[in-house]
Structure formats: structure tokens, C-alpha cells
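My structure is below; once you've seen it, I'll send some questions.
Order of writing sets the labels: A, B, C and D. Residues in every chain begin at 1.
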Amino acid sequence: GAGTPTSAPVATSAPAAKTAATAAPAAGKKLRVKLVINGTLGDKSFFDSANSGLDMIKKDLAYETKLVELSYDRNKWEPGLEDAAASDDYDALVAGSLDMGDYISKIAPKYPNKKFWFFEGDVDFAGKLGGGSCSNKCANLYSMYFKQNEGSYLVGLATGLALKAKALKGIENKTKVGGVGGMDIPGINDFFVGFKQGLKDAGLNPDTDIIIQYVGGDNPWSNPAKGKEIAKSMYQQGAGVVWGVAGGSGMGVFEAAVEANSYALGVDSDQYFTVADPKQKATIITSMLKNVGAGIARAAKLDAAGTLKYGTAEYLGVAEDAVGLANNENYTKLIPADIQAKVTQAAQDIKDGKIKVDTTLK
Amino acid sequence: MVDTSAITLSENRAVERARIRKERVRSSLIDLIVTLGTIMIALLIGFIVTLAVGKEPIKAYTALLTGPLSQVNRLGNWIQDATTLILIGLSVSIAFQARQFNLGAEGSLLVGALTAAVVALYVPLPPVLGIVVPLLAAMTAGFLVALIPGWMKAYLNANEVVSTLMINAIIANLYQYLLINFLTPEGDNVRRSALLPATSAFPLLADIFNANLGRANLAIVLVLIAVIAVWVLMRRTSFGYEVRMIGANEKFARYGGINTRRVIMLSFAIGGAVAAIGGVHLALGVHNRLILGISAGLGFEGIVVAMLARNNPLLVPITGLFYSYLRIGGDIMERTASVGAEIVQVIQAVIILLITAQFVIEFVRARRNTSGTSSSRTAAVSDATAVPSEQSRRNI
Amino acid sequence: MIEMRDITKVYPNGVRANREVSFEIKAGEIHALVGENGAGKSTLMKILYGVERPSAGQIYLKGKPVRINTEHEAIALGIGMVFQSFMLVPSFTIAQNVVLGNEPVHGALLDNRAAINATSELAKQYGLVVDPSAIVDSVPVGMRQRVEILKALYRGADVLILDEPTAVLTPQETRELFAAIRQLVKTGKTVIFISHKLREVMEISNRVSVMRDGQMVGTVDTKDATETSLARMMVGREVFQQYDKPPVNRGAAVLQARDLEYVNEAGRQVLRGVSFNAYAGEILGIAGVEGNGQTELVEVLTGLRVAVGGTIKLGDSDITSRSAREVRQAGVAHIPEDRLNNGVALTASIEENLIVDRYSKPPFSRAGFTSLAAMVKNGETMIEQYAIRAPDGALPVGSLSGGNMQKVVVARELSANPQLLIAAQPTRGVDIGATEFMHQQLIQQRTNGVAVLLISADLAEVMALSDRLAVMHNGQIVAIFPDARGLSEEEVGLYMLGVQLQTQAEIEKNW
Amino acid sequence: MESVLQVIFSAVFVSTILRVSTPLILPALGGLIAELGGVPNIALEGMMLTAACAGVLVSAYTQSEWLGLLAGVLLAEIMALILGFFHLNLKADIILVGLALNILASGATIFVVYLLTGDKGSSSKLVSLQMPTVDIPFIKDIPVLGEILSGQNLLTYVAFIATGLVWLFLYRTRPGIHVRAVGENPDAARSVGINVTAMRYLALLMSGFLAALGGIHLSMGYVKFFQRDMTAGRGFIALAAVYLGAKHPVGTLIAAVVFGAADALSIQLGNLKIPSQLVQMIPYVVTVASLILYAVVRKRQAAARQRKFQQASL
């Protein structure tokens, strides 16, 4: 609330915080949930997906929800998160991404009576950073990772099989696949490791048939012109399908796909539905669903049931339905049924632990 | 006869001088009022723009106008932002006083942050020195980097707007290159340097006052020192005199024996050193490490701060605080009402436009003059001010 | 043909440059307009050409009242003007400059061929030799002058205003110009000719109008006038004003300039082996038509430019190629000819202007820190001592009148206690009272043992003040007279025009 | 690696350069006209951004790319008028006004996009149009040449044609030569009856027009949507191209293409292990080096003139 400066004690003893966090959620109490994104809506992937989780929470649990956009200026992220945490208009604060990991680790202990749900970033549970970071072992903070490598495996498998079978119209003579990453960082490479493994299992040569390149620069996540230029160059080098894992820059990949009469893949949310242009939609074979929204909704529900594991990080994968492959009308139209069946089987094998997908994380 | 005339002359002069002193106070008062008026007009335009959004315009504007004071952490945020802005504003004001359009503050800031962080990371230093040594190193680096466009302008007559913009871009790329390829620790999932040692971190105000003041830190002391130092430099040293005379009339300065080339070059370089302090504040105070996009166009914001202060070092803290208030208020407006940073940008642009045009001030002056007696005098003065600015424009 | 009646012009800064001036020009005549610096000649002509609007008064063309608000309207009325400073676009060709603003076109595109043809035709018709396709930047001054005239003619000017066209010309170039002017008049044009050189006026004009202090003194037929009578009309008193000067007490040679050569950036040689001495306790005057190297000589002597050849010694030390500061520190003070651009900073305060040569020395500066108190005190003292009419030293210099601005400069330079004082055009545009003051100060300095070098285009001034007189022509010292007393203006004038030269030996004798 | 090299030495890469250079050439020509008119246009960046935004929005809502183009041009021209009004009429410093307009454009475009679509980052919720690509008959069938020269966006052809037209304008038309005269010696121009203020407005308007075309190419050619701050400093690079090109249309064109090639190269080299930042630095380093070189050469020439005299006089 405006005018009421929240003075939170910086150092709180860890046990006290723990009891506070676990004791607070009386079952059935309607929480106020606040999502803080360090960007803006409209990326058609990461943040939009997180926001859909907010909608689910509102619908399924009838919680009060609120969204705060911090925009892309990095200097605003920490104060913005701090500010969101300091105003007493929420019970649970949701945030995510690699960049926010340190900040949330610092801020959560200052507000031991609040809950923090965090996704896709490293929380300093061990308190290595010092300066009050996770001084309460972040006992009021729950962290989730998404096993994008598993979902990426499925996407790679589907793409590779379709390419090998020459099932995709117009690119029957193409043998290569491209991947446009935002930056050359482990978090992004985790997608490509799974993707490559899937392509390899489909019979592609990971050394010669797969081209990976990064947008980089000042603005790796919102430079669609560069994303497009890179994708174009990949199509020219013989790629039939290109996958953009680069936030807003990925939008350029779809345009390049249309111009090259080739195909693309979506990421994070089902981009077949989020892209407006019908020509671009038609190029999207499928999307790697990293269901951040579902993960957030799951956390809310577990919290309501009192079983959310605060103070730890969880890895959500195919088994939890947190990641997967978008099975929409375009997918069923473009991908022959036998390949669809193989992919479904692979998903089951991952759940059963029969297929192990590599990862760059941990 | 000689005696009496001398007496009346000096008496007359005393009276006349008193009148003029009063006139000057009044005239600067009018300047102030007009500046405030300009800001009010700009805010009003901003409000009209906000109204156009339709969604809770009053609430949004309240957030803008009262936001930074509504929570302690926001206050801290304001202090922290103003710290950088004031430093950059001071930096910009130096070369501007020599009528040099040095836009290189952004580059010097990055170099300052980079140097300070590298020194702090790789040179083991005890407390206090852990801050002082990186600071001095950063200032030296900022100085040297700004020397380049300064030299190009003074000795080669190369357009400083182009050279500083180009050098900024080179530095930005270099910064990123070094950060990504050499400074990011193995296994970090984010492109950023390691955390700096605790001995190289500015103590947080939050710890000192035991209040949630966010990342505001003791670098604020540097601001105080820098303001005084720059003021002394510009108003109480020979160098400052030289800079101001070059700004007033470069040919005159040369004629008077001032080594105009050296002074122009140094005005760039000293500005670079001051801007580097801003970088030190960001690296050692705010982030405790280097991150990508650490500056986010602060160099240009500093130009606005300096201009609003009419390049007066003592006014820079005031305009810096004011401008930063708007920026932070804008962020808060953005968070609470989903309109913000961009509206604030619009307001900023309007303020610059109105202030550069100065037509309000001229208008008020003109009106006063037609009614008053001192018309020819003030007209002569404003004529005079028009001369060097026309010259400086030609230089660009 | 043209009549300007009761023209008054008040500039925005309050200067009354023209006061109820009436001026009449007859068709086909060459009408000279003379007057001291700042008399208002250029202003009157700018009004006729629509550059300035009169505050009061009326212009009649062929008996009909006309309003001339812009250059465009003047051009349309057949009036053309060649300004005191050239108005050419340096990177354009001569033909492009001639036709600028009224280019021949072929459809939507320029017809360069037609421009060149038009230019050569005009040039041939009036005997104004130019190379139409040469870039203006690369041609000599004389040709630029002709380009200016061609520009006016191309626009169909019937009345041609030439504002000091000969100031920058060599005698040969002047002769060629006069031939062209006569040619113009033969073809029915009318010429208004402004000049400070009465000899030229006598040679070329039919009638002469004289202005003084913003007013028209009168118009006479040239054949009824003499140079002396015109001079008297211009100045309003007997021309040779004698000052009470104590006898010369000549000391040691303070300045020794030898074989100074200077070539400007455009590659033109401006100084050709200039040698002379300046002695303590003596005023050495340098007379000469403007543009004969005086400006460059002063700037070379004061360290603002570097000589290409030669040496400058001050006392025993060599100050060739020294910086302006070093030269000043060696004891040279300099009253610059271009006061507004060099001598003062208009927006800076009087106090600040008064210390530009000494701000880094005590008491104004100690260990790099300046003392405001010392600056203010110095300002006070100077304002008192030099009777600068300013209520407060904190006022910007731009708020002072021209004469008082000049006093600020003089106060600063004289109070530096120099060994050598270089005064360039010290009284230009300064009123009579201030002029008198300036003159007395110069004499005072000389009597106190300072070596004074006085450069002035005002022949009366140099002749009245100088003990010794040198004459500069075309970048050279063409004569040095050991005693300026008893010289006649005519005599000096011959040297100024380069008609007469002393031998090298004669000059060296009087170094 | 091999495939990258293949691409670099392919016709397609040349056509990439042409595409990437287009949004540099057009504003650079605009910057050139303004510079020669004595009114350096720092607001190129903002004008491009505004046009890019207006083009996308209007084309999305009207489904006419031509109306989008028109809107973009109109808004850039309004900015040119503001720039002119503040500088020429209110005597404000043109650099500062230019900077203010850039800030204004950045904020206002984000704001308007947000108002209309609810998104702050981009216009991707809208289906906007593209300027047409042009297949040149006959040439398109020539093997290598066809790939390079045909099938480019209309505005790419416009950029190259514009270079010729700008040259024609500046050197062969009456208003063009007046613009140059006004830039070089306003007093001289005024003295022959040229309206200096009007000519400078003209220069700014033409500058705005060309900048607008550059912006339109970015959002309605290069890509097909508007993204916040998508000009990414191209306006300033364009300005650098003007100086690097010695303030001549052909030189400016060459400089802009060199910058474009460096950019295209950085995309291709991204695949090799050459860090993209170093490649992206190339145009800036080239500019600074050229500024220095140019100044040094001029100094040398002046010195040589003086020396020549000395030798002659010996």
C-alpha cells in the first residue's frame, strides 16, 4: 500500500522463517498472487506462458492475481522486484528467468511471511552469495526448472523423422535443420542438446546436418531482424526446418520460413496459436511446450494442498506434463500418423525412464 | 570640480550597481520560474497523454508524481538512480561549457565500470583500498578513452558528435565481448562477471540506516565530492576559467594566450573521468558485478540533466534528482498502471524541446523590455549570446 | 534615378547608424560614397539593397516610392550589390556562383552549359576576365571580385553598388576594375562606389557624397573637390590633428622582425620578407591599405600564426613560433583589430574579460585556484582607471557600447605593463571622445618607455601619432620614414599604393 | 564452416548485403541532404523509428501497404517540421532538438503500439503488410545476376535509384544547388535572394522523407512487424556514412554499403568462432579511422602548400 513503508528486518533467523512459510497457508484461504516478469508481455513464449499460469490460478483457485512488467532494461529488474516484494499487496510472488535468480534469493528472506514461487533460474539455496542471500535457506521460496531437454528431444525426433521420410511438402530435398538461439548460454543450449539427440535418433548426422547459431548482441531476445537474417542464412545453407529459441527474436524465424517456403518450430508456448499471420502459422510444424504457466498453476495447487516443497528446486519434465510437444491441427496435418505414433511412444519411454535425455544444466 | 564629479560618478555607480544587482536577482528568479513553468507544461502534456490511455489516468499520474516517496525501497531506488545521473550530468556539463558536443559519457561510463570491476576482481585489495584503487583506475581509463575524441576535435577538427557516438559503439561492443568471453565465470548460466569481493563493494545505505533502501549505497558520497570538485574546477581554477572563456569565444581565448586545443581536449577527458565514476557506482555499488546492458543509455540522460542545469555544476544535483524522480516515478507508474517509461520519455523530450527553444524566456524578457527601460542593454546581451552559439553550431 | 529620403536606421542594439540621410543618384553616373569607419555607408547601401529595413524614410525609384524589403525585391528593381566581404559559395564554380539564385534550366535540370556561356558572354562584354568553370575557392581575390560584379550584372542590375571593392585589390587589379567600371557606365549602368581611398574616388567618380557619424554631410561634384576638402568633410575638422607629444626618447630595440614570410592556408603569400625594429619609447606606425598583410603581420608577431620564414626577437630572446601565451609572457600586449571576434568574449563578464592574459598568475591564481576577490578588485580598478562606463564589473561585456568594449581591451592590454604594445586599428568604430582617449593612452605608453607598434588604415591617425612611420604594401615594407612629422598624406599615399618604393638600403637604414 | 564460406562467396550473400544496406542507404542520403543544407539531422534515428511504427500500424489496420508507407512518410515529415521549427524559427540548437526527437520517437512509438495492441514490445499481434518485392523481367532469369538483382524488396531498388536522384537533385536542379549554397554560405545565398530558411526546411523535409523510407523498409520489408527501438542505431550509422562518404551521394552510398556488408558478414561469421561483437565493431572503427585519416591528410595538404612556397622561394 502506498504510504506505508514496509520495514522488513534484514536478518531473520531461518527456523522462524520456515515455520512462517509453512504455517501461513491455511487451506482454502484465497491468496493474492503477483507475477513479476523481467520483460513485457507479447513475447509469445516465456512470459506469455507464465501469464497464462496466472489466468489458470485465477480460474481454478479463484485467487486474486496481478501482473507487473519490468521491461527489458536490466537496471530496473532488481529494484522492480524489490519494489514488488515490498508493497504489501500480495501473498505469493511469482518470478522467473536466469537473471532474476540472485535477486529473488536476496529478496525472499526479507519477507519471510510471503511466499515466493520461482521458475527457470538458479536460487542460491546454499547462501553462497552472502549479503543475506537465502539467509533463511530461502525456506519461503519454491523453485522449479523445466526439463526443456526432454521436450526438445521430442521435437527433434518428430522433425528428424519427418525430414528423413521426406514427409514435409516443398522441402523433400532438404537434409538439414537449424537452431537459432538467443545467446550461447547453458540455459539455451539445454534445448539444443535434447533437440540434437532427438534428431540423431531420427537418423540425422549431428555433426553435419544441424546448424546452431545465436543472435547475441545488445538485445538477443528482441532483435527479430537479426533472427530473421540468421534463419534466412540457414535456409540458404540447406536447412528445411529452423527452430528459434530466442524470445522475440524468434519471430523473425517464422518470417524467414515463409519467404523460404520452408518450415519452422515454436518454443515455450504453442506458437501456432499465438502467431497472427496465417502464412506464418502454416510453417510451424509443432512447438516445444515449456509449460511455465502450468508449472506455476501446479505450484499454486500444491501450495493450497500444503504439499509444495519450499526451500528446494524441483525439475519438471515430460512426466509432469510440464514440457512436451504441441499436438495441434497443423502437427497432425503435416506429420504422418506413423511418425506421430513413434513420438508418442518416445514420450512414454521418457516417462518410464527408458530414454535418458542429455542436459547441459546442473 | 574634478573631485565632485568623481564623487557623483561613484555615487551614481553605486546606485546603478545596486539596481543592476537587483535586476540580476530578478532575472534569475524569472529564469527559475520560467524553467519551472516549462517543466509544468511538459508534465501537463504528459498528463494529457496519460489521459488518452483512459485506464486509471489519475492513479497513474499520482504514481508518477508521488511514487518515489511512497515506499522506503523506492526512495532508495531514487537515490541510486540519481547518483548515476548526477555523475553523468556533471561529466557532460564540463565539455558543454566549452561548447563541445561531447556525447561520449556513455562510453566512459562503460569503460569505468569495466575497469573498476576488472581491478576489483583480479587485484586482491584490503578494505578501503578495495574501492579507492578500482575508482582511480576507472577514472584514469575514462579519462584516457575520452581523450581520443577530445584530441580528434581539438587537433584534427573532427566532428565530435560523430566521433563520440562511434567510440561509444566500439566500447559497447568491446564491453560485451570481454564480459562474455573473459569475465563470465565457467558454469554461470547468466552472462555476467563473478561477484566482486566484499572489500570492493560500496556499503549499502540499507545496512547503515537499517532501512530497506535497496541498492542505494555510499557512492553517494562520491557524488557530493564530485559536485564540489567539478564546481571548484569550473569556477575556481584556471582550467575552469579557460574552459568558460573557450565556451564564450574560442578566438578570444586563443588571442588571450589560452592553449585552446589542450583545454578542449582536457575538457573531454575530465568529463570522461567523471562519467567513469558513474560506471564505478554501477559496478561496485549497484550490481557488485558487471552485467550486460549496465548503462542503458544513461549517457544521453546525462545530457538532459546537464542542460536543465544550464551546465551549472551546483544545479546538476538538483536537476539530477528531479530528472531521476521522474524516471523512477515513471517506473512505478509503469508497474502500477501499465503506462510508464515511455510516457516519461515523451515528457523528457518535451522538456528538452521547450528548454532548448528558450522561447518562453525570450518571450518574457521581450515583454519586460518593451515596458522597461533597459531594452537596448538586454537586447545587446542576448544578441551577444546568439553569436557564439551560431558559431558553435557551424562547427558541427 | 534613385532617391533615398530621410533614411533613419536604428539597429536592434540601439546604434543609430543612419540619421535622416538623404541621398540621390543620377542615371549613368559613378557616385562615390565616403566616410570614416562606422559612418553608416554600408548600412545605407544595405537598406537600398533590401538587406536592412529602414526605421524611417522613403526610397524613390525613378520618382516612384518603392519599398525594398528583401534582396529579391532589390534585384527585381535592377539594383545589385557587391558586399564588403565576399558573398560567394567557395565550392561552386564561377559560373555557378554567377547564376546562383537565377540558374538557367533545361526542363527541370540545370543547364550548366548555358550558365557558362552566359558568364563568358557577360565577362567579355564588360571586360571582366574570369574562368567560368574554375572553382571559386581556387581563384585569386581579384577574380572573386569580378565574379561578384558579374553576379550583379547577370541579375540585370542597372545600379551597381560596390562596397569597398578595392580594399583587397592590388593596384593592377584596381586599374582593371576601374576600366571595367567605366565600361559599365558606357553601357548605361549606374555605379555607387564606396571607398576609403580618396585618390581612387577622385579618379573614378563623377560625384561624391560624404557621410559622417550616421549623417549625410553633403554631395559635391568630384571636379570641384580635392582630397583635402573631402577629408575635412569626412572628419568634420582639420585632418591633421596634432597631439602634444613630448620629444622622442628612443631606447633599445625591443622588437626585431627579420624577413618574415607568411603563406596562408589557401597558399597565397601574404608576407614577403618583412623586416623592421620597434624601439622603446617610440611609436612606430604602420600605414597601408587594408589587406596588404597587416592582419597577418600582427598575428605572426603575437603568436597567433606561425611564420613560414624569418625570425622575431623580443629583446634578446627569440620568440619566433612561440605560442600566444609565451609571446604575451615575454612582454607583448596586443589590441586586436577585430575587437568583437578576438578582443572580448561578449557573454563573459567585464571582470573575466579583463584577466584573460593573467588569470593563471598571482594574485588571480595561486596553485591553480583562482581568486574571485582579486578578479573583482582588478575589475573595479580598471573600470575606474580607464573610465569604462559600466556600473558593475559583473556585467557581460556584450552589454557595453563599442567604445567601452574597446576600453576594456585597452585597459587589459595596457595594464599588462608590456615592453611592446601592438595596437591594430585601435580606434575603428570608436567615437571621437574615446578615440581621443585611446590616442592619449598610446602616447602615454610611449612616453613611459614602451615600444608601440600602431597599425591603422586611418592615415590621419597613424600620421598624427607615429614617431617613425613604415608603409606596407602587398606584404612588404615599402618604406620607413625616420620622422613622421612633416610628411604629407600624398607622399605616404604613393607608397601605400606601391607607386613609389624606397630602396632596400633606405629601408634598412631606418629599421 | 565450409557452408558458411560458400554462402559468403555466393550471389545470395551479395543480395543479403543489398537488403541489409537498404535501411542505411536511405537515411544516409537523407542525412546527406540535411548536412549539405547546413542543418545536420541527428533525428534520423527517430524519424526512421516513427515511420517504421506508423507504417506497420496503418498497413495492419487498412491492409494497404501504400497507406502504411504514406503514413510513415507523413509522420517523419511532421518530425522534420518540428525539427525545423525549433531550430530555424525558435533558434534552438539543432543537435539537442534532434536528440529530443529521438527520445520522443522511442517513447511515443512504444506507447502507441501499446495503446493499440496492448503489447509493449512489438506489433506482433497485428498482421501488417510488406512492401512488394520486385522480379525484374529477363534479369531474373540470368543465373547469378538474377539472384542478386532480382526479387529484392521494392525499397532496395528505391535506395539505389534514390542515390542517383539525390545526386541529380543536389548537383543538377535549382532547389538542390540552392540547398547546397545555403549550407555552405547562407549569407551568400541570402544575398542573391535565396530564402535560406525555406531551403533548410526543404532539406529537412527531404531528409525526413528518405529516413522514413529507410524506416519503412525495416518494418515492412526487412521484417514484417514493428519492434521497439528496432532501428537499433541505424540512424547514427547513416550519419557516420555521410561523413565517411565525404558528403557526396556516391561516397555516402558506398560507405552505407560497406556498413551493411560488415553487418551481413557478422551474421555469417556468427557461425564461425569469430565473436560477433568484434565483427560488429568494424564499421565504427572504420569511421573513426577515416575521420582521423581525412583530417591528417588535409593538414598535410595545407602544410604542403606552405612548404611548396618555401622551396619555391629558396
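Keep in mind that, in the parts below, contacts are C-beta pairs under 8 Å (C-beta built on N, C-alpha and C of every residue); 3 or more make two chains touch, one makes a residue touch a chain.
Everything numeric here is computed off the predicted structure, so don't read it as measured data.
**Student:** Chains in contact with chain A and with chain B: which ones?
**Tutor:** D
**Student:** At what distance in angstrom does the C-alpha mean of chain C lie from that of chain B?
**Tutor:** 44
**Student:** I'd like the Å distance between the centres of chain A and chain C, where a centre is the mean of that chain's Cα atoms.
**Tutor:** Centre separation, chain A to chain C: 78 Å.
**Student:** Measuring from the mean C-alpha position of chain A to the mean C-alpha position of chain D, what distance in angstrom results?
**Tutor:** 38
**Student:** Of all residues in chain C, which are in touch with two or more distinct other chains?
**Tutor:** In chain C, no residue touches at least two other chains, as defined above.
**Student:** If you look at chain A, which of its residues touch at least two other chains?
**Tutor:** Counting only residues that touch two or more other chains, chain A contributes 69, 71, 217-218.
**Student:** If I count partner chains per residue in chain B, which residues reach a count of at least 2?
**Tutor:** 176, 338, 341 - these are the residues of chain B that touch more than one other chain.
**Student:** According to the definition of touch, which chains form touching pairs?
**Tutor:** A-B, A-D, B-C, B-D, C-D
**Student:** Which stretch or stretches of chain A touch chain D in the complex?
**Tutor:** That would be residues 39-44, 69, 71-72, 211, 213-214, 216-219, 222-226, 228-230, 232-233, 236-238, 248, 251-252, 255, 275-277 of chain A.
**Student:** Taking the touch rule as given, give the residues of chain D at its contact with chain B in the complex, in rising order.
**Tutor:** My answer: residues 40, 42, 82, 86, 90-97, 99-101, 103-104, 106-108, 110-111, 114-115, 120, 233, 236, 239-240, 243, 275, 277-278, 280-281, 284-285, 287-288, 291-292, 294-296, 299.
**Student:** Using the touch definition up top, name the residues of chain B that touch chain C in the complex.
**Tutor:** Touching chain C from chain B are residues 13, 16-17, 19-21, 24, 232, 236-242, 244-245, 248-249, 251-259, 376-381, 383-385, 387-388.
**Student:** Which of the residues in chain B come into contact with chain D in the complex?
**Tutor:** The touching residues are 49, 52-53, 101, 148, 152, 156-159, 161-163, 165-167, 169-170, 173-174, 176-177, 180-181, 300, 303, 307, 338-339, 341-346, 348-350, 352-353, 356-359, 386, 389, 393, 396.
**Student:** Can you list the residues on chain B that touch chain A in the complex?
**Tutor:** 66, 70-74, 76-77, 80, 172, 176, 187, 189-191, 195, 198, 206-207, 210-212, 214-215, 282, 286, 291-294, 296, 331-332, 334-335, 338, 341
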